[in-house]
Amino acid sequence: MIQVEFLGPIAKAPIEMEAATLADVSQKLKEDSTLTQWLDKCAVALNDTMVNDLSTALKDGDRVSILPPVCGG
Amino acid sequence: MIQVEFLGPIAKAPIEMEAATLADVSQKLKEDSTLTQWLDKCAVALNDTMVNDLSTALKDGDRVSILPPVCGG
Amino acid sequence: MELYNSPLDTKEIFGRWLDEHAESNYGAYIPFVGTIRAEDGIEALSFDIYEPVLQKWFDDWQKRAKAIGAVVKMAHSIGDVPVHTSSYVSAVFSPKRRVALELIDEFVEDFKANAPIWKYDVKDGERIYAADRSTPMDGAGVLS
Amino acid sequence: MELYNSPLDTKEIFGRWLDEHAESNYGAYIPFVGTIRAEDGIEALSFDIYEPVLQKWFDDWQKRAKAIGAVVKMAHSIGDVPVHTSSYVSAVFSPKRRVALELIDEFVEDFKANAPIWKYDVKDGERIYAADRSTPMDGAGVLS
């Protein structure tokens, strides 16, 4: 099991899922209509390190963070 | 008569001269061997306004300032 | 990196960073102070920060700065920051002017583009995500 | 424009300029602080300033800044400034980040190139013109 958490303005509780790669996470999140407006604008961190390759392998206990568009300052 | 003053590191007292244009000032200063090392690197102000045209006309009482290379900060 | 649950005490931060490097022999110190502008009837801006990723982003910048003999600093507020108070101070120190001027520009621009911070307008006590002023981070869209 | 016969009280200047524009609704405030580096065995740097031309240079910059909705500030020391103290502070205020970052760069670079200020190394109490670090002003050579 891995955990997926949604940061900042995405009003959504963390979810757990089985996933071997980031591609599996992508496929499952696309099924969630509340995320449709977000996915194409969001970046992804795996255990707090930014990742941008769908083939990234995941292991039990990994934490995937979904980061929507930012505006610090 | 006009006055010519030398700013910053040019160790030279002000001088007075007759000059109708900046070209006249140039001609007279070139005769002064202590200024040879300075003239090609110096900018010029007329009554505290920067000027860079040799044909600039001068009138009695004008003050010409010779400004050597700068390094503020 | 400093995070505060309040507006920033800009003078204290400016002076403390100055003192910290008083003997470091840096010729140029350039702070950037970001202050909340009164516009569109907002009372305040409010910020969420994801600290673990921000810390890594900042650590990477410290390494980049060190490689060119410079230092970067930053402070940011979490939560509500009223108009005309400051939410963000960053700074660079460098022996050389040119390095410092180029570094503060790159550092602040990359901060705007990639620091994991989310901004909300506060109007009538309500927090509204500043979607139109926000930017997808580098690598955004990987899941879509 | 502020000239001092001493090293600059950088914190006082930073804070006073900040307070001055506390309600001006500028989103970005970028000071540049120049500090004397210990190098080549100097005790201090020393500065001559020709104030009438510097004032005109600064007035022109205030107009340029105003035309883009911004403000420029500057302070400089006259005479000796010991190593690790500051001789120069300039700053820009602007509603917008990009304008401020570009303006502080242009303002500081033009200051270095065209402000009528002469720098001397102070070694063993002697004042030596920093010829190798000095730059002919725009229009130099007109008389040669």
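By letter and in written order, the chains are A, B, C and D; residue numbering begins at 1 in each of them.
Definition applied: contacts are C-beta pairs under 8 Å (C-beta built on N, C-alpha and C of every residue); 3 or more make two chains touch, one makes a residue touch a chain.
What you see is a predicted model; the values in this text were computed from it and never measured.
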{"item": "Chain B to chain C, fewest steps along touching chains", "value": "2"}
{"item": "Chain centre separation in whole Å, for chain D relative to chain B (CA means)", "value": "25"}
{"item": "Whole-Å separation of chain centres (CA-atom averages), chain A against chain D", "value": "49"}
{"item": "In chain C, residues with contacts to at least two other chains", "value": "34, 97, 108, 112"}
{"item": "Per-residue overlap in chain A, given as positions that touch at least 2 other chains", "value": "73"}
{"item": "Touching pairs among all chains present in the structure", "value": "A-C, B-D, C-D"}
{"item": "Contact footprint of chain C on chain D as seen in their complex", "value": "10-11, 14-15, 18, 22-23, 25-39, 84, 95, 97, 100-101, 104-105, 108-109, 112"}
{"item": "Chain B-touching residues of chain D, taken from the complex the two chains share", "value": "34, 47-50, 52-53, 56, 76, 87-88, 108, 111-120, 129-131, 133-144"}
{"item": "Contact set on chain A toward chain C in their complex", "value": "7-9, 22, 25-26, 29-30, 39-45, 48-54, 65-73"}
